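The structures considered in this document are given below.
Paired with chain B in one complex and with chain C in the other, chain A is shared by the two complexes that follow.
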Partner chain A sequence: MSVHLPSHHPQPQQGAERLMLAVAGIGLLPLLLLALVAVLALTEPRFLGTANLLNILRSASVLAVVASGQMLVLIVGGFDLSVGAVVALSSTVGATAMAGAAASGVSPALAITVGCAAGLGAGALVGLVNGLCVAVLKVSPFMVTLGTMSAASGVALLLTNGIPVYGLPDGFVTGFGRAVWLGLPSALVVSLILLGVVAVLQRHTLAGPALRAVGGNVQAARVSGVAVRGWTVSAYVGCSLLAALTGLLLTARIGSGQASLGGLNMTMESIATAVIAGVSLRGGAGRVEMVALGAVFLAVISNAMNLSRVDSKAQLVVLGVILIAAVALDELGKRRRVRV
Partner chain B sequence: MSDPISLRGMIPHLALPLALAVMLTGFSAVEPRSLSAGNLLNVLEQSSYLIVFTLAQTVVLLTRGFDLSVGMAASAVSVAAALAAVSAGPAAGLAVALLLAGAVGLLNGTVVALLRVNPFVATLGMLNICLGLASTLSGGRPVTGVPEGLTTLFYSGTVLGIPAPVLIAALCSLGLALLLHRTVFGRSLYLTGGNPRAAEVAGVRVRATLIGAYTLCALLAGLGAVMLTARTGSGEPSLGGSLTLESIAAAVIGGVSLRGGSGGVTGAVLGAVFVTALSNGMNLTRVDGNVQMIVLGVVVVAAVALDRFRDSR
Partner chain C sequence: MTDSHNGGFSPGPAGPGDGAPPLLMLSGIGKRFGGVRALGDASLTLTAGSVHVLLGENGAGKSTLINIIAGTFGPDAGSYCLDGQAVRGLTPHRARQAGISAVFQEFSLAPNLTVEENLFLGRERHRLGVLDRRAMRARAQAVLDDLGFDISPRQRTGDLSRAHQQMVEIAKALMDPVKVLILDEPTASLTEAETERLFALVDRLRAEGVGIIYVSHRLREIIRLADRITVLRDGCTITSIDAAGVTEDGLVELMTGRRMDALYPQIPHDPGAALLELSGLTLANRTVEDVSLIARAGEITGIAGLVGCGKSEVIRAVYGLETLNGGEIRLKGQPYRPSGPARALAAGVCYFPSDRVAEGLALGRPIRENASMAALDRQKGVVRRGQERSFIKATMDRLRLRPANIERAVGTLSGGNRQKVMLARGLTRPTQVFLFDEPTVGIDVGAKAEVYDFLRDLVRDGAAVVLVSSDLPEVLHLSNRLYVMHRGHIAAELTGADITEAQVLACFFQEDAA
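Presenting the complex of A and B:
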């Protein structure tokens, strides 16, 4: 939509230009994060405490997994508004199945397997519907996922009547959700593994270039033999599966299945994280390492505001401003590069 | 334009009223009261709020944009207007509502048109800002004691027996229809949404049009917020929760394209009436609230899929 007229740039200011290029090379986000951490470490003694750092990483890891799923969909030029609802859906469906199986007297291991399979299955189903509607019926991703968001959170509430589902096996809650592995919370370890898997898929398999091709230029992708529909559906299913896994991780930590997990707020945060991490809303670009960094960035900011007792309502305003500023800077940077 | 007499050309325009009629008949089979004159009037009156918000959303949808902040802007306006009205009278309340809504829209438009930020992100950021504003101003509690003058003017008053909300919604629809079809600004909205590059080449002032569109959208949403504030008699920070998504759903069901440049007032109004009648019918037939969410979701997806199908033929 933007029209870049060839501009006759006056003599570029050497120093400023060189700085801009250096920043463009590393990316603004790591530098900002570094600066933020440095300032916090100097001004706020509690910030560098182990408990506080683990707290930041734990909330960042949840966000990073959901946002990396969102990234897959954004890369193919889509959107997923249903991720937050899928978190709630997998939590309630998984917990209901798990508690039901445990109550019927099967072994805890089997109950956990059944519950996880049910939660992941429900998530995958939503992803499949999203993907098929977008890829085959060519419905706008925004509207499809708006519809499935409404439907998924409806099912989650219907299943539980809004009451938390208890009765999960001990092995799932204390043995997994609240466990500490290698000195780290289990959720953090699992999230790192999941992010690693996405990174490997993106860098070392066909998935990375194929998804980028679909999002970058559908016609070109089709002509060069990329299975556009297949990859689009895979992106949506992958996104929903990552959201469903997050739902199960949260369920294990909390110890009950809840329809109030996730929600529209998590969806919005996942999109914000991806966008701050430089994932293009026009499709075709995005890296999972940056998304993880974006999640850490947002978690650090929110932690800093909590430590300095910024009102939680004012925090919303800050998040909004950061989001707009990130995209505006990105746009301005692109325009500058085009001109140079 | 298709030949107005040919039945084929009429089908797209008849589909929604037909669906509405079928739906109402279906509900009346289960619950006879749903077709009573009293209830139909009730649906019409309830619809008038969603109509105003859907018209607001339609203006930006026409430019191939989006406004995710409509609902939260309504919350912020409701709280701010109620606070002003309680302390300084109805006129002050209205002035604050107009100013705040105008500022929100101007900011949205500027960020989208001048900074070229994707409308989704720009209005998502604004959503957060408005949410923060609404909850800070109100402290999370409703602002009660809205003066009588405001409630009469926007809710309980009648002109020739027509309730005020219905009258306001009708005036807005008529005004927007004239604006879209009789003014340069209106035509510019369609051109900008249809093909921004072509519009720019053809001399449309695309940036000004976009800023105007977001401002008009926010002003209409502000009016809707005042109407809802008058209805409940209080400024509600939680007013706008589902309004954004409902307004987009209603507009799309009414045939306003997400790809910009097509759709109109008639469709938007019918879409809003449809969504309201659906939820009214489900309430009367005692459908569980959670099932209602599922139904709305399915209806939205079906409407967009049908729209694509119509396009591809």
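Presenting the complex of A and C:
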């Protein structure tokens, strides 16, 4: 005996609805990005220049890495305000350790290793504190990461007194940070690799379904035997590690450790990027490819504003408006999907 | 059905023989949640190859006991033996490794995951953390096919109906070889055909030597399936008996400790004006096509049908929760265009959803607030706390809420008691048309009788009641006029003496048989 159940697939619809479906299929973001690029290419001759394009990609790649970390935390239903501060922390801690080691006369390779380990370790520590407070003590992610944000940027300032840390080995700055590989800036290549790693983790490993289950329905995840605490902590640590790596990449490019890197602005951009990319603020959904596109989108917008000499303060207003619009769209999309 | 999806499991050398230790033995189990005692002294002995029914009123502690067996949380007191070995520090993961698998009352599915991801959640096939998606998809499809569930493994779980989610939940429990299978009200949102298939499955697993713990408020099922019955009352095991020869009345008496005259009340149908008329109703998603029906004041209009036949969607459409594509709705003779719940409530239409967690209740808020929610806009911003409290209290007492404290958060209530809070809502504002979607899902016989009395009172007061239910005896007994739906269409309209089980079943399967 087999019971046939009517399928719930909608029948072919009229033109407007078909267009809506197509948009929903591809997603709004790629289409918006294409339109934006097309308009800029036609109206702004400098836009398509190689230097300009590389510039856009370089800033997009930095943002994409931080935002993909933010995405991990958003997926488990959390929130991380400390990413910008972690960028500054890893830059200053890493640079201080590296310069110190280099000055003490060890080989440059060892100094670089020590510096990177120190930067990453500092980042991981912040992530661990965030994750443990959220997963074990059940403190709200907002409060915890607000606290660690303040503490991390405080440490970065204390360590440097606000003065850039110089004395980094040449191999780190010219040999890595300002190097060009395959015609691309090294930071861009490293970022692409990092995003690829996150994408593989998300699609092909246990982390994908586990993180989404924790964000989608904690109770279900728990009774299904998912290690909820462990995955929550991993998400925060992963997020901080990606931010710390970004800090090191920026340090290598500028050639000095600076407490002014990252900051609140980068935190906000990372959240905006994630939300534009369709990462749900309620947890449970988000794809790193889209986050990368979202970062490119924001980078193109800010590049367009730079080219047309929009005041940097006005740019902040635009970023705020985009963030709110993205959140509102996310909310509207949910409304359509959820019954009632 | 092809190969056994219970894979490698065989009863083992011990088998269900006489000398072997029981599969599971719990005794003196106690559990408190804050100040609430959920279990006091619960015991249960499960032998391999048998179906053990846990019987008890809403809030008796059945789900709590099941959660302890499945390792969701630990007991505060008592002993737990599996295969004669004492068990300590059980987690859901270890319980599953030991072959204990549960179908929970409140689903353990993440809505944002696909069906296959949910099926494998917590025990993904992987090598060094790298998922073997192909193997998982094949296995998921095989299990679903074997169970005869028409669900695609790649669908998003949250997009499925409650009944289909129930099927996924069942499939999930059977992904690995099981020794102990726990079913907590698995049929609550299934209809006859799916239920029969589930029973066949239970019979098969029992024959394979699996120990099955079964919780249900449907007495017919209990009599059909049970080998042994353990009765819980207020968190304590009252008795444990052999199921041979028990009757429905006997079960009711065991459970409540008192006799009950009749489950279904005499309903004085007195059909009056047509309050709700649908003609040619068609939904944008085609789950309902060309449905015409009438609900009159002073009678119960039933809608029966298989899962997915569109019966819920019909009343959801009236309440403004589905997008219409064609057809006409008339309310009290006036044309009516549904635009959403607020409009419907204002027009005197109230809808009671079947999925109380997703659509109905704010779990963190007190019962009082949840029950008075529908009346909020009528209070002009001022909430008269005292009046509200005594009114809600009286309503909840009538529905026999347990525990009878209306200030507790809804999230701490047992499944059946949550449903009672939903029902209380309809009483808080003047309403002429009541749309019920599975109103007695998961509630015990005592409370069911209260709900039926509640329906009778509504009808006597001249309201039009539309009852959508998968519980066939329920719609058969209560409806004065019964529509049977099949694949989105009305297959039959039965009245009076024509409302028989045989007639309805014939309509369910008409085209499939042809």
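To be clear about the criterion, the second predicted complex is superposed on the first by the 320 of 340 C-alpha atoms of A that agree within 3 Å, B and C clash if a C-alpha of one lies under 4 Å from a C-alpha of the other, contacts with A are read in each partner's own complex, and residues count from 1 in each chain.
Convention: a residue touches a chain if its C-beta (ideal position, glycine included) is under 8 Å from a C-beta of that chain, and two chains touch if they have at least 3 such contacts.
Here the structure is a predicted model, which is why all the values come from computation and not from measurement.
Contacts of A:M149 after superposition on the shared chain: chain B is touched, whereas chain C is not.
Taking chain A as the reference chain, the count of touched residues is higher for B when chain B and chain C are set side by side. Judged by the touch definition given at the top, the superposed model places A:A51 against neither chain B nor chain C. After overlaying the two complexes on the shared chain, residue contacts for A:V275 are found with chain B alone; chain C is out of touch. In the superposition on chain A, A:L182 makes contact with neither chain B nor chain C.
Legend: residue contacts after superposition of the two complexes on their common chain; A:V223 is shown touching chain C, with no touch to chain B. Touch criterion met: A:V321 reaches chain B, while chain C stays clear of it. In the superposed pair of complexes, A:R212 makes contact with chain C only, with no contact to chain B.
Common to the chain B and chain C interfaces on chain A are residues 1-3.
Taken in their complex, chain A has these residues touching chain C: 1-6, 8, 10-11, 204-210, 212-213, 215-217, 219-227, 284-285, 339-340.
Across the interface of their complex, chain A is touched by residues 70, 72, 91-93, 96, 102, 104, 106-113, 117-118, 120-124, 126, 129-131, 133, 148, 150, 159, 172, 193-194, 284-287, 306-310, 316, 321, 341, 353, 358-359, 487-488, 512 of chain C.
Taken together, the chain A residues at the contact with chain B in this complex read 1-3, 79, 133, 137-140, 142-144, 146-151, 153-155, 157-158, 268, 271-272, 275, 281-282, 311, 313-317, 319-324, 327-328, 331-332. The residues of chain B lying in touch with chain A in their complex are 64, 66, 111, 115-118, 120-122, 124-129, 131-133, 135-136, 196-197, 200, 245, 248-249, 252, 258-259, 288, 290-294, 296-301, 304-305, 308, 312.
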